[in-house]
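The same subunit A turns up in both complexes below, where it pairs with subunit B and then with subunit C.
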Partner chain A sequence: MGRVYIKKEVCIGCHLCELYCQLQHSRSTDLIKAFKRESMRPSPRLRVEEKEAVSFSVRCQHCDEAPCVYACLSGALTRDSKTGLVKVDEERCIGCWTCLLVCPIGAISRDTAEKKVLKCDLCQGEDVPACVANCPNEALIYVEVQDESHSTEGKVIAMIQ
Partner chain B sequence: MKTYLTPKFLVQRDPERCIQCQVCVNQCTFDTHYYDVEDDEVRSHDENCIGCLRCVLFCPTRALTIRQNHLDYRDNYNWRPEVIEDIVKQAETGGVLLTGMGNDKGQRIYWDHLVLNASQVTNPSIDPLREPMELTTYLGRKPDRIELDSESSTLKTELAPQVSLEVPVMFAAMSYGAVSLNVHESLARAATEMGTLWNTGEGGLHSKLYKYGNNTIVQVASGRFGVHAEYLDVARVIEIKIGQGAKPGIGGHLPGEKVSSEVSLTRMIPQGTDALSPAPQHDIYSIEDLAQLIYALKEATNYSKPISVKIAAVHNSAAIASGMVRAGADIIVLDGLRGSTGAAPKIIRDNVGIPIEMALASVDSRLRQEGIRNQASVVVSGGIRNSGDVAKAIALGADAVYIGTAALIALGCHVCQQCHTGKCAWGICTTDLRLTKRVNPDIGARRLTNLLRGWSIELKDILGGLGVNALESLRGNRLHLRGVGLTDTELDILGVRMAGS
Partner chain C sequence: MTKAERVKYLIIGNSAGGIGAAEAIREVDRAGAIAIVSSEPYHAYSRPLISQYLVEGRPLQRMMFRPADFYKEKNIQAILGQEVTGLNIDKHNVKLDDGRSIIWEKLLLATGSSPIVPNIEGIGLKGVFTFTTRDDARAIYKFLNQYHTEVRAVVIGGGLIGISATEALVKRGVKVTIVEMKERILNTILDEEASFLVEASLNELGVEIINGHIVSRITSFLPGRATGIALDNDRPIPCEMVIVAVGVQPRTKIVSETGIRIDRGILVDHHMATSSPDVYACGDVAEAYDFIYDENRLTPIWPNAYIGGRIAGFNMAGLPTEYQGGTSMNAMKYFGLAIVSAGILTPPDDSYEVISEKHGHVYKKVVLKNGLIVGVIFSGDIEKSGIIYNLMKNRVNVDTFKQALIADDFGLISLPEEIWRPLLEHTSPVTPSLATSDKQPEKMAIGDLGLVSGR
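Presenting the complex of A and B:
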């Protein structure tokens, strides 16, 4: 498993990462079909933060000590000890939004219709997450993490620098 | 006042393909696209579109097409649409019409009327994939004669400082402030990677880029922006800018809005103040004055680097060039009629100066006649579009060329001529921090390196076809050129024979 690193100095705020995240998590593989034909627009699992000249796209950082996993009432959120991926079991999610409150970077969003949480799954099954593959300015970088045991202190901060 | 101008472009949005994602809205810097919340629909103000095509390239569903909006005025060769529209603009503003990029008028492009030779039967061509090809170019003053020590076979003559280029193509002067720091970094990194030089332009060198100094030409222009001892010391070549092909005889004006805090530090002027470059250098009113500045710079840098002097190609360039060489210039740069700019009065850009091909041929001939051609390298710029133009320029007598527009196109420029607005949607000709991010120096350096690599391979192919294995064998060898569709006078000035003769 890898991590998505953000180079905010070259993020141009085009929101294409959001768009391709939506496509990746829709039934269709075609943008026009996904957005026009599917009855409900798929929701993105990340969002672009913007203020004046600064912008960057925020997604789950799959924290080693993930507060959302500790806070989850139903045990829907778990961290895979092998891969380090923090994932949500949609069957068990009860839509209590506790994880939203504790996430330090606000990376979890709500699917209000289904009453489930939505979060980045690093596009399991793809070589590179869709947001990274489709960033037109290489502002997102996907780096394979070899050694999961090394110190992760300050990782979240490092990732948005 | 009601405007009598009509939109230059029409935005066509295919409703079948548009998914209302608003990427066009966030990428357009001219407020052409907007999102109507009430109708959940993206629409366009056609009249704002300047045809940079940023939205077309970024639309993820290819829903957008931009078309020119040619109005059917009554046919009139004299009162063409552009002429009429310029008058309307001035009637509505009362000002000088400003523009960016180079002359877009139809003056003859002589490169298109020159063709290169190739070897057949009587002299073999060379396959550049199998045999070494030499593109290395040395810029700087060459001695009148060389003396060798007969015993050790070493050079006794002391050589003036020389700069070696692995590709005879350098990046032309574009100042920080006109273009962004990311553009400068892209140019600097690509020049370093390809073993050539880039030019700071007249706005100084950001301290972040000092590490690329060995591949940097620094400019000393009439405004003296950012000129200090360290600036001169880090550079490989120092260039005195007298003139620019896009606006010969005209100074520069960087509006205060573009003078951000970083630009102000680099230019050494207060933030937000207009950066005015006077039309002349006020300490240079003669060749003797030029010699003083050249030698002042040589003294300041301990005679360690070549001094270049850049002029716009004008009617008496040949005589001026002779004076420049005699004043001590080691490199002379000629910038032709089609040279570009970040901002110039349109009337100057389109009507002043002479084509670079003519200036180059006449300067090279004149320096040869006077026996001083060896004393300076000749560099040309202004509208060099591809490696064919480079080869022809070198055959006409140039030592190397500068590319400006071609380099910017490699970075994303679509030649929409809005540089003077500071709103470049491609993030090139702007200092707006929201826009400068659009040029990622990692990608920019890669694109520029690719361009130069492509051209250098093509140049080797051309040389191989000519049956020579070094650019030196092509340099100034006008017998490798023939003219097509040119008059006797044109051929005479170019020093080129008619095709078939």
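Presenting the complex of A and C:
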């Protein structure tokens, strides 16, 4: 798993990260089809914040100690023990929104039609998340993190009596 | 007599707290024997999902809080459907229903709470239910299936459980009347404005809400069966069923003769440890630190149970970890209306400051005291409420930017850079690097969610 870092100094607030996130999570992954023909316009799993000349995008940080995972009522939010990714099992999500209330950066959004939560999955299957790959200004950086730092199961201390 | 079993960790309770502890223990100690005992005969399930059971008869498999192979995968002995009949602290021993005896090194009491059932006339009649367990939901589900005509229900208590039951019953086509003792429903977790929002949406669905009254007795014109209730003003309300949802109380009976300190719940310190060495408690049964009130309180909610269990588990496994504290916080979604709330919603005196905003379906309110957030309600537009909740939890002084908190365009960018930058740079919180060695682990350094180190 990697992590996305922001460089607000060069973010110009163009929202392309948002657009490519939508595209990546659309059914067709075709720009015209996704935005013009799919019955539900895909929702982005990140948001761009702007205030005067400052802007940056916000997405799930896949926290080491992820409050959303601990607060999840149904067990839908889990940490993947192999990749370290905080992921949501859409089958099990009941749309109770408890995770929204505990996320310190407000990175979880609602799919109100499906009554499920939406969040960044770091574009599983891609080398680099779509937001990073398509940022025209390199305001987003993707950094692979060491294997050991996220998977708690892998760093267990055997405390055998 | 059967020989006593021995485990390193014994967890009584198989819900959020117990599971949180077991998972934490396994992050630290892969080998120590763990046993979980529960009086309920089911794989750990998500209690809030009993509403879905009532609506659609959702099978256990789709209510499970963890995958089917959870106990096997974590190497946990699950002893389900067994009541604990005796607890001997000095001998580190518990006795079970079936005569078994288990000796433990560390014990976690995660026994939860049970519904308060007022001792009123007719309470034992058929058609009277509580609504906190899967078995409760199943009993109501079966009861409703007997009827082919409209069923009328009286829900006693307009708290979270009562309203959840109401929502499920309405979806089953039941005509519901709620009787709330106080002046408005959800009065402990919402302010007046938000309570009325919920009341209005319930009324629209044909639910009658009677505030400011109590049910004085359950009446019966058929042998053994509830056929109505009478209010304290003698007004009769005919119904086929009654749901008792006046609150829950910690299940502390197990410790009543052990000398373990109890107030309203089992008192625990910042390590979730009880007054007795090697015994921990968490969840609904525990009275743990509340960071808003700066004292120990009951906060019988699922997320606090899980996090409390997680802290207890780390400490039980020898990794000193502190509980940052929890407070009452809830996310509600009744009939499409999304509301989140936490902390103090109705200021008790004028030393508090309230800032609020209301337009259309959007309602936002933040309660402050001395520049610190002590309460929050967001309705409609709830996505950024977590930012506020965490400012409140981390005791951040928001005085210089408080007006921004309720603005439509509120976001991390509304905060001073020294607050938002660390949140987006993975600089905090940091998990400990528990190198694989035989060295005793250092204190855990986790900042943000209930875990704080080295205070």
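Operating definition for what follows: the second predicted complex is superposed on the first by the 147 of 161 C-alpha atoms of A that agree within 3 Å, B and C clash if a C-alpha of one lies under 4 Å from a C-alpha of the other, contacts with A are read in each partner's own complex, and residues count from 1 in each chain.
The criterion applied here is as follows: a contact is a pair of C-beta atoms (placed from the backbone, for glycine too) under 8 Å apart; a residue touches a chain by one contact, two chains touch by 3 or more.
None of the values given here were measured: they were computed from a predicted structure.
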item	value
Contacts of A:E65 with subunit B and subunit C, given as first, second, both or neither	second
Which superposed partner A:L31 touches (first subunit B, second subunit C, both, neither)	first
Which partner, subunit B or subunit C, touches more subunit A residues	C
Contacts of A:L73 with subunit B and subunit C, given as first, second, both or neither	second
A:C11 touches, of subunit B and subunit C: first, second, both or neither?	first
Touching both subunit B and subunit C, residues of subunit A	none
Residue ranges of subunit A touching subunit C (in the complex, touch as defined)	3, 5-6, 47, 49-51, 54-56, 58, 61, 63-65, 67, 70-71, 73-75, 92, 94-106, 108-110, 115, 148-150, 152-153, 155-161
Residues of subunit B defined as touching subunit A within the complex	16-17, 19-23, 26-27, 58, 60-61, 427, 432-434, 437-438, 440, 442-443
Residues on subunit A engaged by subunit B in the complex (per definition of touch)	7, 9-16, 19-20, 31-32, 35-36, 52-53, 136-139
Complex contacts: residues of subunit C adjacent to subunit A	8, 20, 26-32, 46-49, 52, 62, 64-66, 302-303, 306-307, 310, 317-318, 329-331, 333, 338, 340, 342, 382-387, 389-390, 409, 411-414, 420, 423-426, 429-431, 433-438, 441, 446, 448-451
